[in-house]
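These are the structures in question, set out in turn.
The two complexes that follow have subunit A in common; it is paired with subunit B in the first and with subunit C in the second.
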Partner chain A sequence: MRVVWSLLLVGVLALIAFFGAQAGGQALFGIVLPYLAMAVFLVGVAARVVGWARSTVPFRIPTTCGQERSLPWIKPASLDNPSTGLGAAARVLLEVFTFRSLFRNNRSELREGGRFTFSADKWLWAAALAFHYSFLVVFLRHYRFFAEPVPAVVAWIQGLDGFFQVGLPVVYVSDIVLVAALGYLLWRRLADARLRYISLHADYFPLALILGVALSGVLLRYFSKADIVAVKELAIGLVSFHPAVPKGIDPLVFVHIFLVSVLLTYFPFSKLVHMAGVFLSPTRNLANDNRMHRHVNPWNPPIVGHTYAEWEQEFHDKLVASGIPLDKE
Partner chain B sequence: MRDRAWIFIGLAAFLALALAPVWQSALHGAARKPEPKIVTKAKQCVEPTAEMRRNHMELLNAWRDTVVRRGQRTYLAADGKTVTMSLSGTCMSCHPNKKEFCDACHNYLAVSPYCWECHIEPKEKS
Partner chain C sequence: MPEKKRDELVQIDYTPPQRDWMDPAIDFAARKGTWSYPAAAKNLRYLGLPNPRDWSPTDADWQLPENWQQIIHDGLAERLTKFRSLKLFLDVCVRCGACADKCHFYLGSGDPKNMPVLRAELLRSVYRNDFTTAGKILGRVAGARPLTPAILKEWYYYFYQCTECRRCSVFCPYGIDTAEITMLARELLNLVGLNINWVIEPVANCDRTGNHLGIQPHTFKDNIEFLVDELEEVTGIRVDPSIDRKGAELLFVVPSADYFAEPGIYTFMGYLLLLHSLGVDYTLSAYASEGGNFGLFTSNEMMKRLNYKIYHEARRLGVKWILGGECGHMWRVINQYMDTMNGPADFLEAPVSPITGTAFTNAASTKMVHICEFTADLIKHGKLKLDPSRNDHLRVTFHDSCNPARAMGILEEPRYILKSVVNNFFEMPENTIREQTFCCGGGAGLGNDENMEMRLRGGLPRANAVRFVHEKHGVNLLACICAIDRAVLSTLMEYWVPEVGVSGVHELVGNALVIEGEKSRTTDLRGKPLAGGKGDADA
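After this line comes the complex of A and B, so read on.
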């Protein structure tokens, strides 16, 4: 049921923008809300990161996924259990670029006859990788709307993405991969009863929202063929702070922009902020050197020692009276 | 503790990158809207202007396929006129100014159609 609500909500948002833009809300959906969304996104993400930076890390808590560095003749797993800052940095970068923690995904199932099986499940990893990279390519391609002249890199990405030259406008591989991966990630949550049970609105809504963004973009490019010269005028107006809505923009463009605005606004307050958080996860970015360096908790009060000799001195008479032997004799 | 500096460097880099289009527009100044120059006296293209603006790529793609794969060269327009399907012969007779017509919008939006991988580009003074 939860997935229905999320899909419905995205549908309603799309309809609001579609009819709102036609009812004279073009400046609202094209200028005011994008600016607001961008401000909320940047300030929100910065606030989250500053909040994380300010929290104390009294002790190193890396997840250890391999042999710790110990004796010289035991080979350490320098990436899975890094003992140096460089190793930890490499581990974070590999996590960011290749999603190694998802690669370890396992699946446990109760089979017929009461047999319980564990097996590797790479589908989540593969779909997540496909989704994130195609989304990145789509994101980078959109730079052509915001910059004049368009950087050569963007043109190269476009050329590579449209390598197969299918149809005109040329079909981008990233569009197909993006929608397919999103579809799989949504289906994955629905197909397994246990996964469905633990899936929340916060899991379905981002998927539905990004699916909405992707599908509205696909519609604009391949089917309704929006006037992109006007769209670029709008985008350039926004980034040069001389915003104006040119005439003749397809209402579907405002649906696309509005859904992206919602995504940006939702970003800092949801699980999507893992974009920043992945760099700051203490289980990944700290070196496992707890046994090499002494980590003193910064807020510990100074330890006031009380040695046995002092204690014996304090209770000297009582100890003597009880006939207990003293060290200091 | 000691890592806080790194976090703020990263955050600053992220914010600077996220606002890249703003810096670029500040550096290069406001971009002007492209105005494709039409040099012909004809009132209308093969199809109505709005239709051409939106779907010229599909039309050209369909023409390419019909000519190259089926050997047909006659196109029946929506208003009943017949046109010879030919980029150099028909399109370029009214629009010989590739640089001022085609490229005006295509360069603005980094669109690079592959017409000229087979066709010979018209010689123009830039």
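After this line comes the complex of A and C, so read on.
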């Protein structure tokens, strides 16, 4: 029942911000914690990336998922088995933008009589992609709070996102997709016994937290009468380093901001660092060109195997008896 | 063969147990048939590896060094800075579960700790406890566990229950490679003397005699002469391979099983016939008489130590470049490690086929060419006279071996060769071949008899796909380019699909190869009569 703890924890966090802001903690939740969270996020993620980068890559170990480049008349799989750095870069970018490996996903099932069947299973891929992209769009849309005038590209994304023009205020597709995808990702962890077995607090908590962020945002946009002008004033104050909390901001705004602050703070210490880590994965970002160009191991240990001379000495008589030539003949 | 019958073995329960995976409990005595015997003390002593002693996993006391926890902690700390792969893979897993049903051991056993994600969590949980902020503060809530004897026993069980096949890595959105996790976990286990004899004995043999099987030079020569005689009986041609001959153009290195036992020996006969028919100037070596490298299943240091011999011998003999036989993990080492570990091979020349003049530019630095690359090039240039009808008694499918598929990508060459030398070739279902190929269940040192139940379970998905093409197309031969496969799959087929045999690709080349001066063939290289009395009709 790990999921319950995570949901409860997020609920408690929300309540802390809701009542804390009303009890005079507006500067704390609106200014101090957001700044702290941003600092922890930036320093923390940078530290993680530097930490990985400082570990060496002794061997070139791409997972090859297609034909190698060998003879000129055999077509190589230049993305799935890249033989150049450019190919490897393309492989990583496609991984980042399209979740290509996840797209391969299939489901193996054991049928009666001990037969396995394999069927395509794109649900995880689709939900993961939907979640990440809708989150990105929501994130980009928020720039309208931080910039005056609103950049054209943000306005354009916003227009596209609200294309269906349902309701007033206009319902954004990204909001619906984000909440639905999060719901699915949470549901599958609970519904599949196998996934339930492997899931940790660290798997439920980020989902619950982001769900909290999304739902508080949805409440603010569609249901509360938050004073947008005041919120924008707060946001611009933060990014221009002249922070001030204007009067009349709905306490729900502080819940939203606080949950985002928790997310930023939690990020560098959690599995969410996969966002940065995916770029550094040695099985994906290296070309399979080992036999063409020598890869150097910076700590290559000075190991010498059993030498020929030692071997010949041990087996000398047997070599002579069987007529195998010795080294000095 | 295990006591369990086939129908019993396929009753697999995938329901996870009630017990939390973080509470370890392995009863080795109750799980006989699913683990391998530990390394004999004499082998560890010979190799200079730590903590040699005689012990059994069923013992309560594993006789570990007093400070074993510290040794493993320090070993992990060292490897986290040495291997970015390890640090990253321990950090970024999101437990999405995409890898879960990709592991042949999970599919064949239903044991949730055979899901790649949980196999890695066994180590990851200890890493969190010792090396991450969240783990240090929050402990179990953050998925962290201090290393206990029970957890160490679990490591021993599950890290010697992974064949390092990399299938899970194909599906992982971050490319997390359980082979890498297993390899480094085994390095840690080796630090406190936890290893298996079926890995360590071949390593000790290889270091001393030159090959895993411990074949000494005079026996090496005898074995080859025996195969030369056999070949003469079938073809009427007497081939004349040289051993340790200086000044040959090529050094030819094969896995030792190819000159030791069926069915590998037929593949070896195929190599010899091919090279002889073209007059290739090559030599074998009694010193570098092993292409495989069980060091890969021990530690990077041991891998380097064993691999050392190939370049050392190539330099001594003064050859131009090196040709390598059909072997799976051997090619992982050659393709991904050899040049880095024991190169640069600047005393060799960039390989060029002496027959076609083709430059193997993909091997320009390592200077070692796979015999399937070599032969595919020969066939493409029309240098071989082939009579595929000599393989008409065979209906063939091809098993991509894990390492050549997922650590190299040699997929088309063997298929091109097969389609040129057999008339009846059928692919297995697409989710079971090429980069998605299923392991034989006995790689990475697990192909021993005491581990038989686990081998048969792990091999079940592969066997299933073979059974499918056997029933659909009448396939009766499973060809592959791996020596471990040839040994392990033979047992696997005997158990699951007894109608199907196992061979190397070059055995079938040897069957089809038409050589000037040969006698009219009545049998294949195994001495089995050709289809429709073809040989007789020709005669």
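Here is the rule we use: the second predicted complex is superposed on the first by the 292 of 329 C-alpha atoms of A that agree within 3 Å, B and C clash if a C-alpha of one lies under 4 Å from a C-alpha of the other, contacts with A are read in each partner's own complex, and residues count from 1 in each chain.
In this text, a residue touches a chain if its C-beta (ideal position, glycine included) is under 8 Å from a C-beta of that chain, and two chains touch if they have at least 3 such contacts.
These numbers were taken from a predicted model, which means no experiment stands behind them.
Of the two partner chains placed by the overlay, neither subunit B nor subunit C lies in contact with A:22. In the overlay built on the shared chain, the residue A:242 is in contact with subunit B alone; subunit C does not reach it. The larger set of touched subunit A residues comes from C, when the choice is between subunit B and subunit C. Using the contact criterion defined above for the overlaid structures, shared-chain residue A:52 touches subunit B and also reaches subunit C.
Contacts of A:203 after superposition on the shared chain: subunit C is touched, whereas subunit B is not.
By the document's definition of touching, of the two partners only subunit C reaches A:69; subunit B does not. By the document's definition of touching, both partners, subunit B and subunit C, reach A:280. For the contact definition in use here, the residues of subunit A common to its subunit B contact set and its subunit C contact set are 52-54, 56-57, 280.
Those residues of subunit A that touch subunit B in the complex are listed here as 42, 45-46, 49-50, 52-54, 56-57, 143-150, 154-155, 158-159, 165, 167-169, 225, 227-229, 232-233, 235-236, 239-242, 276, 279-280, 298. The touching residues of subunit C, counted against subunit A in their complex, run 6-7, 9-10, 12, 14-16, 21, 80-88, 91-98, 100-102, 107, 112, 115, 117-118, 121, 132-134, 141-143, 166, 169-177, 180, 207-210, 216-218, 221-222, 243-246, 286-287, 300-301, 304-309, 312-313, 316, 334-337, 339-341, 343-344, 358, 360-366, 368, 373, 376-377, 380, 405-413, 416, 429, 431-432, 434-436, 460-461, 464-465, 468.
Considering their complex, residues 48, 51-61, 63-71, 73-77, 80-81, 83, 95, 99, 101-102, 104-108, 110, 113-116, 118, 124, 128, 192-203, 269-271, 273-274, 277-278, 280-284, 288, 290-297, 299-301, 303-308, 311-312, 314-315, 318-319, 321-325, 327 of subunit A touch subunit C. Contact residues on subunit B toward subunit A in their complex (touch as defined above): 1, 3-4, 7-8, 10-11, 14-15, 18-22, 24-26, 28, 30-31, 33-34, 53-55, 57-58, 60-61, 105, 107-110, 112-114.
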